[in-house]
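Before any comments, here is the structure.
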Amino acid sequence: MTQPAERTGRTDAVGPVDAAQVPRFAGPATFARLPRVDQVNTADVAVVGVPFDAGVSFRPGARFGPTAVREASRLLRPYHPGLDISPFDVQQVADAGDIACNPFDIAEAIAAIEAGSDELHGAGAKLLTIGGDHTIALPLLRSVVRQHGPVALLHFDAHLDTWDTYFGAKYTHGTPFRRAFEEGLLDTSALSHVGTRGPLYGKSDLADDAGMGFGIVTSMDFMNKGVAEIADGLRRRIGDRPLYLSIDIDVLDPAHAPGTGTPEAGGLTSRELLALLRSLAGTQVVGADVVEVSPAYDHAEMTAVAASHVAYELVSLMALGDKG
Amino acid sequence: MTQPAERTGRTDAVGPVDAAQVPRFAGPATFARLPRVDQVNTADVAVVGVPFDAGVSFRPGARFGPTAVREASRLLRPYHPGLDISPFDVQQVADAGDIACNPFDIAEAIAAIEAGSDELHGAGAKLLTIGGDHTIALPLLRSVVRQHGPVALLHFDAHLDTWDTYFGAKYTHGTPFRRAFEEGLLDTSALSHVGTRGPLYGKSDLADDAGMGFGIVTSMDFMNKGVAEIADGLRRRIGDRPLYLSIDIDVLDPAHAPGTGTPEAGGLTSRELLALLRSLAGTQVVGADVVEVSPAYDHAEMTAVAASHVAYELVSLMALGDKG
Amino acid sequence: MTQPAERTGRTDAVGPVDAAQVPRFAGPATFARLPRVDQVNTADVAVVGVPFDAGVSFRPGARFGPTAVREASRLLRPYHPGLDISPFDVQQVADAGDIACNPFDIAEAIAAIEAGSDELHGAGAKLLTIGGDHTIALPLLRSVVRQHGPVALLHFDAHLDTWDTYFGAKYTHGTPFRRAFEEGLLDTSALSHVGTRGPLYGKSDLADDAGMGFGIVTSMDFMNKGVAEIADGLRRRIGDRPLYLSIDIDVLDPAHAPGTGTPEAGGLTSRELLALLRSLAGTQVVGADVVEVSPAYDHAEMTAVAASHVAYELVSLMALGDKG
Amino acid sequence: MTQPAERTGRTDAVGPVDAAQVPRFAGPATFARLPRVDQVNTADVAVVGVPFDAGVSFRPGARFGPTAVREASRLLRPYHPGLDISPFDVQQVADAGDIACNPFDIAEAIAAIEAGSDELHGAGAKLLTIGGDHTIALPLLRSVVRQHGPVALLHFDAHLDTWDTYFGAKYTHGTPFRRAFEEGLLDTSALSHVGTRGPLYGKSDLADDAGMGFGIVTSMDFMNKGVAEIADGLRRRIGDRPLYLSIDIDVLDPAHAPGTGTPEAGGLTSRELLALLRSLAGTQVVGADVVEVSPAYDHAEMTAVAASHVAYELVSLMALGDKG
Amino acid sequence: MTQPAERTGRTDAVGPVDAAQVPRFAGPATFARLPRVDQVNTADVAVVGVPFDAGVSFRPGARFGPTAVREASRLLRPYHPGLDISPFDVQQVADAGDIACNPFDIAEAIAAIEAGSDELHGAGAKLLTIGGDHTIALPLLRSVVRQHGPVALLHFDAHLDTWDTYFGAKYTHGTPFRRAFEEGLLDTSALSHVGTRGPLYGKSDLADDAGMGFGIVTSMDFMNKGVAEIADGLRRRIGDRPLYLSIDIDVLDPAHAPGTGTPEAGGLTSRELLALLRSLAGTQVVGADVVEVSPAYDHAEMTAVAASHVAYELVSLMALGDKG
Amino acid sequence: MTQPAERTGRTDAVGPVDAAQVPRFAGPATFARLPRVDQVNTADVAVVGVPFDAGVSFRPGARFGPTAVREASRLLRPYHPGLDISPFDVQQVADAGDIACNPFDIAEAIAAIEAGSDELHGAGAKLLTIGGDHTIALPLLRSVVRQHGPVALLHFDAHLDTWDTYFGAKYTHGTPFRRAFEEGLLDTSALSHVGTRGPLYGKSDLADDAGMGFGIVTSMDFMNKGVAEIADGLRRRIGDRPLYLSIDIDVLDPAHAPGTGTPEAGGLTSRELLALLRSLAGTQVVGADVVEVSPAYDHAEMTAVAASHVAYELVSLMALGDKG
């Protein structure tokens, strides 16, 4: 954790609006009903939205993801019994709003995201980003790497996202991690895809991916090995490296996350995903994103609720980072 | 209009976020992407949400109405070509957030709404309220009447809402205007229901209602007479009295407003409603509400979009009030 | 009206459950929360469901129509202000449940419907039938004609339903009125389609239809002539003949009735349909049906609500029949 | 089991309508198409609806739960192969309709539920109640405890529901079991929450809850231990105490039960819930409820279908009660 | 009509699949179940899809428009009674499939659309294009103008689409007609927006638009003047100029077309739109598009059905072109 | 595998449209964007739709299943990493369109399906059929048995489908396998239901079923035993017999497959189903169907996506058949 140790355990953090005084359905939907960044002195963790989806190859709509996840996050309460922590208490978490991106120009949008991320990092915050499509992981990684050097990466996704180009385009939601690899942003000794499934373009996809250093934990592995064994392997691989977590909500089965753009049957349950995240307590999470929530395809906010719980685990991991 | 005349035409009003710089789908969903009340010195018009629906007799859910209408209002632009006015320019309009109400105690909620309204009135603002169910019209009327004395009332609704009690309860979404009448809040020379339709409990409903001074413009009248003739009659009746507009979104046909609690076939089109509101330019609107948007029953935000356009007409009428 | 005149104005009719004592959303969903047929001595009007949809050529699902319309009818109140009548007061209306039909054998189902209708007619009731697809109009007409002789017919529909066969099948939802014509069930001096629109198979469709004696009021006529003029023409044509009203809910525009099987753009508003029905006060309605509500395609019950209001107009026309 | 032993195995029970004669989609939707209470002499089990949702803190709509669950129960067949029992055969199960509650006054509603329950108990029936929100568990417990004394409780829920107050209100859907504890309705030696997950307000929530005697089986435990081990533990704890089962459908993951008011990711599958219930065969179930089905948020009746299967397991447990 | 006069009345045109032999829901969904272009010798009218939506400023999803409109077009029958024509009989209409466009590069996509259109024009076909977002109108106009010189334009839309840039981008769905004006593609003596409504950015929007020569028929005009009067004015303005029709489905009210990206309340009914199109019989339609159908926001295909009926009117106008 | 061994590994197979050139959302929706049968010389596997649902006892709509599954199959890519095979490469897979069936006459439809299947078999193809309701399995089995003699059957379903009649009808979606047994189409030494759950009509259902030779793997068995153990048992039972796989999508839990007609809680996850299918590699699959996808009840295509993945596993099994 980069903030001074004395920050941990701080008791002056401004927490969520009190749900016994203001109903959860009232008031503005900042993440978890936390204060805005401009309402606190400094934020240890900034939750920021990136409403960008011009990089998608199938169903668009993730531009509405940040709003949907924030709305669903109205239900989050401040104490995490599974990890025995109050993540909004030991660190100041605040909502930094959205980074405005040009929806008509991918390159310009990537630059804006990188700049927005740099600015928040510069103010001393870790970032928990809500997408948007997976294209945004590249500028987010560039920015976090400027702070921490190359990062270990846990990439939760139905897909590899290490393809090279679509229609000649290098910067899309299917290519961020190949670009990140090429740019030297990744600590190639600790890269894993988690939850991968579904057909690929060809056998070479796997070879290319392995060549960059990625290991793969498939969705089927969750059924065959269980979460605990998988988590052990991942934790060993990660060690105390600075870790970036990038979570495409399509890692969940469409039953759990219909509101996404490229659904694949046979995915994780939300319980498996939450359990695996929880078991990463003690790793040094330096940044994280939750992407690809496309609300037009969601039902009864179930995808957004799952994403908000994922975000809650992530912010809890950040709180626990330097205590693991 | 209660604010000093020199306020009209002011050029220092803070307007909406620029959609050519920040996409409409980005950033917090204040009404029309306008500033919050705490971001401006004074507001001429305060848009305030009242997420309360414990007064409904059939489908609940209007507690989520303020959020839905604000989200839909992202699409509003600043110039009204039909009335040739920029309503956010000639007056400062700002978003006052939500009034928190106890969902378990109708009386307590009514008191909170009344107090919240008084506070905003005290700061010099007219109120444009987004419900919530129609119960809220009573405390809103009490508060506005304290400023202006008994008001003329245009009540747009499929129903009369002048019933006496349900299950012995006096304060529900079907009774606000009977209570308002009993409390002397209404200028009985200028009361009209607009858009009424559907079956009643009995013939005495009509007699009771007429006894309070209400005239009725039915939904069928719109088909038979047209908007212009109806508007003429209403304007004559209202004159320059202080006017309160209470708009139950169920005045629209369920085709136009499925997202509401007590739908009745045979209603107005959104075009008729907008046209009628527009034709009230020059009346002295001292307050207004749009209620009964129940998002769980909406589709593709069509009800919320209609309600946001209704709110836009209302704020435009307020802007034009002292110029008519 | 076939029941003795002294029945009109009866004060012993059992009405709907009192909504001020039992919430509208509570209790079994008989039509308009009226008693079941077995709870009253005799019924003047029996509301009966026919959950049959094996005759449809496109989207199925009307088998769930009776349930959906009954659920939506929870909102109906007992007094009709437009016609100044309490239709459940001057006549005993009761819910006769559903006629069970074989979903796998159209001929057998038709026979069951005919028998069920005969039984209710035998008990002295007029029938207001809720479908089910339009195939059911044929057995219903056979049964009512046994009581009254050939009937005048007002057929509200986007389509003509006088086609001959599909796939060689003679009894489908697109053919009932040709069969009825061939069987001599129709008074060919007073037959009208109302609301027709959309493309046909060929010009001969119109010639065939005219050859059976049908007049056509198109949906476009409603825009060009208005309801009053159309109603005048229809009333003149019908006179005091025994009249059967068959209302395919797809006569409404898909905006007003998405929940149906063969939608056509450019249809009636629910207000136009209700107004036209209302203007038939004084005709001698001997039976009626509302068909083709397919709830799986409905949204927020808007189609079912419209159908329930249509049914309410029909039962009101029956109440007014001998007073017109 | 309170009914005489000779009642078990009775062959005179009136069962469901025969689906080979009357299609499942036809006829009134009593629970499982069973007779109404007034159609049988006495009922061993009364299935009763409580359409009340004024106690909810987030999404309302459970007032429509009883109707939705009954509609979904049309698919239930009479023989349970997993438990080798025909639950409608060995005991008379009948539908007791709904208890009408005042939607505007929680206290009055609670009194009505208690009275309605007492009346059915007085007629010799066990109650299987379909909610409605969880507030209703309190009056149901009061009534059943008058028959049986303090009961063991298995509470299936994502939440603890042992909070104290919201907005000062003591009787809400988040507080029934604290009230029940305070009123001495619970056998504190055999209380368990099952399926709990998601964040809490604070660590003290757990301490308070434990202080009342509750044990907790989390949703994560299902993944780590499996159903069989959990069931063993629960059965040991319950023994032959009179047992009340209260099942909030939100114990299921939102993927399985989107139609509810306070969804939490990471929940049970419907298979886990059904399996656990089934494994309780032999316990002495003296009453049960299934609550918090909010149909406006459901899709394709999946939540209602799950709830109807839960109800089927419950009625089967009741049938097996005195044979375990 | 550009094809030789002797083609009109041709009897060798290959028509739709026979719905009495192959159910409408079976087989591939070419437009109106017509042959593919490769199945006929030459096509007089090519129906072509352009699944592109990277130019949208709010809700995306129109990339799925062509598929949705084709699916809805399964219901179209071959004879148009309103215009007394069989549009698939007097001219060969065929489905040309989709033009593949790069979703990540607007400029490249525009070039591909222009090339694809040129190719079909080169083969002698008029184009009826199904979008896709409104960006595509520009390359379509470029291509048709190469055939016919500058064209008269009827632009049906809630919006003007003559804005200059968004985020500096010149080629988006809000700017095609300004670009077309600048490129000299439009016959400035005959340009009209039809159905415009909703707020604008400023008064200068109107001035800019008028400066390009556009007249405006607002949605309110339809209520005040009626379709016939509007059509007279438009026909006079158009005369016998080559006419391009560009129809943004959001010209319809959201009640009629929820499935679109930038909905505005107060729009046209589908009946008004169809009637107006029909009244253009005799104009020389040289090309047309229907754009902005975004199926993820549609319900029960109502938007797609409306769009398919619009397309049917357009193809009928093309058939009647040289006979007017 | 019936085609000559040299066909395996063929490199001249025409594969799917290249998604890097033509976006997945563009172009006609043949299965997996593969060529049509008429575009290839011979097909080793023909994917054929049977849009028939007149045999259903509850929710209809599977007539739209083939279209929905094909649309969802746009997302399938050509390499199967789990089985290390490119199923469209080693064998020619092509889309054979739909078999047109009379929706009004079950017997006629069955005959048409049988004839259509015979024709495709005659051309040398194995069939992968997309339903349609389960009635279609009977004619498909008749046809495949003419090629291979009585077949082993793996029947994935929530239900047994070995009932005798409904309403006297022998050919429905609940009876195909009893008929198949009676006709001697089944190799009674290797028959299994997989995924069965939910209540039955009576204990005799099980006895009847066992009497035909069926074994049952319940859905609960998946939780208790796991996929691997179940697969072992099934593979032993099947051996190298010619195997027909009939997969009712309702074998999945409603959470994974809401879009079906007779949902039962407690079902398989899509991951379990895909894993079990995958573990059948090496069996001799001579034909397969995926049935009962009813799109009107689906959400965000999740059921259709699952069905498309099931189909992908099936075609992969066919590719591996003679190599196992």
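Order as written gives the chain letters A, B, C, D, E and F; numbering starts at 1 within each chain.
One rule holds for everything that comes next: a contact is a pair of C-beta atoms (placed from the backbone, for glycine too) under 8 Å apart; a residue touches a chain by one contact, two chains touch by 3 or more.
Quick caveat, the model's predicted, so the values are computed rather than measured.
K.L.:
What shortest step count links chain D and chain E in the network of chain contacts?
P.N.:
2
K.L.:
The C-F interface: which of A-E, B-E or B-C repeats it, judged by over half of the contact pairs being the same residue numbers?
P.N.:
Checking each pair in A-E, B-E or B-C, only one repeats C-F, namely A-E.
K.L.:
If you average the CA coordinates per chain, which chain's centre is most distant from that of chain E?
P.N.:
D
K.L.:
What rotation angle superposes the Cα atoms of chain B onto chain C, in degrees to the nearest 5?
P.N.:
To bring chain B onto chain C, one rotates by 120 degrees.
K.L.:
What is the chain whose Cα centre is as far as it gets from that of chain F?
P.N.:
Relative to chain F, the chain whose C-alpha centre sits farthest away is B.
K.L.:
Looking only at C-beta pairs that count as contacts, which pair of chains has more of them, D-F or A-E?
P.N.:
Contact tally favours D-F.
K.L.:
So how far apart, in whole Å, are chain A and chain C when each is placed at the average of its C-alpha atoms?
P.N.:
Computed from C-alpha means, the inter-chain centre distance equals 56 Å.
K.L.:
Report the inter-chain centroid distance for chain A and chain D in whole angstrom, where each centroid is the mean of the CA atoms.
P.N.:
Distance between chain centres, rounded to whole Å: 38 Å.
K.L.:
With centres defined as the mean C-alpha position, give me the chain C-chain D separation in Å.
P.N.:
Result: the chain centres lie 40 Å from each other.
K.L.:
Which residues belonging to chain E are in contact with no fewer than two other chains?
P.N.:
Correct list: 21, 23, 25, 57, 63-64, 103, 166-167, 253, 255-256, 269, 297, 299.
K.L.:
Could you list each pair of chains that touch, in label order?
P.N.:
A-B, A-D, A-E, A-F, B-C, B-D, B-E, C-D, C-E, C-F, D-F, E-F
K.L.:
Give the list of chain E residues in touch with chain C in this complex.
P.N.:
Chain E residues touching chain C: 19-21, 23-25, 74-82, 84, 86, 226-228, 253, 255-256, 269-272, 274-275, 299-302, 305-306, 308-310, 312.
K.L.:
Would you mind writing out the residues of chain F in touch with chain E in their complex?
P.N.:
21-23, 25-30, 49, 51, 63-64, 66-67, 71, 97-101, 103
K.L.:
How about chain D: which of its residues touch chain A in the complex?
P.N.:
So the residues of chain D touching chain A come out as 57-58, 165-167, 197-203, 205-206, 218-220, 223-224, 253-256, 258-259, 262-267, 269, 297-299.
K.L.:
Where on chain E does chain A make contact in their complex?
P.N.:
For this pair, the touching residues of chain E are 53-57, 59-61, 63-64, 102-106, 108, 166-169, 171-172, 296-297.
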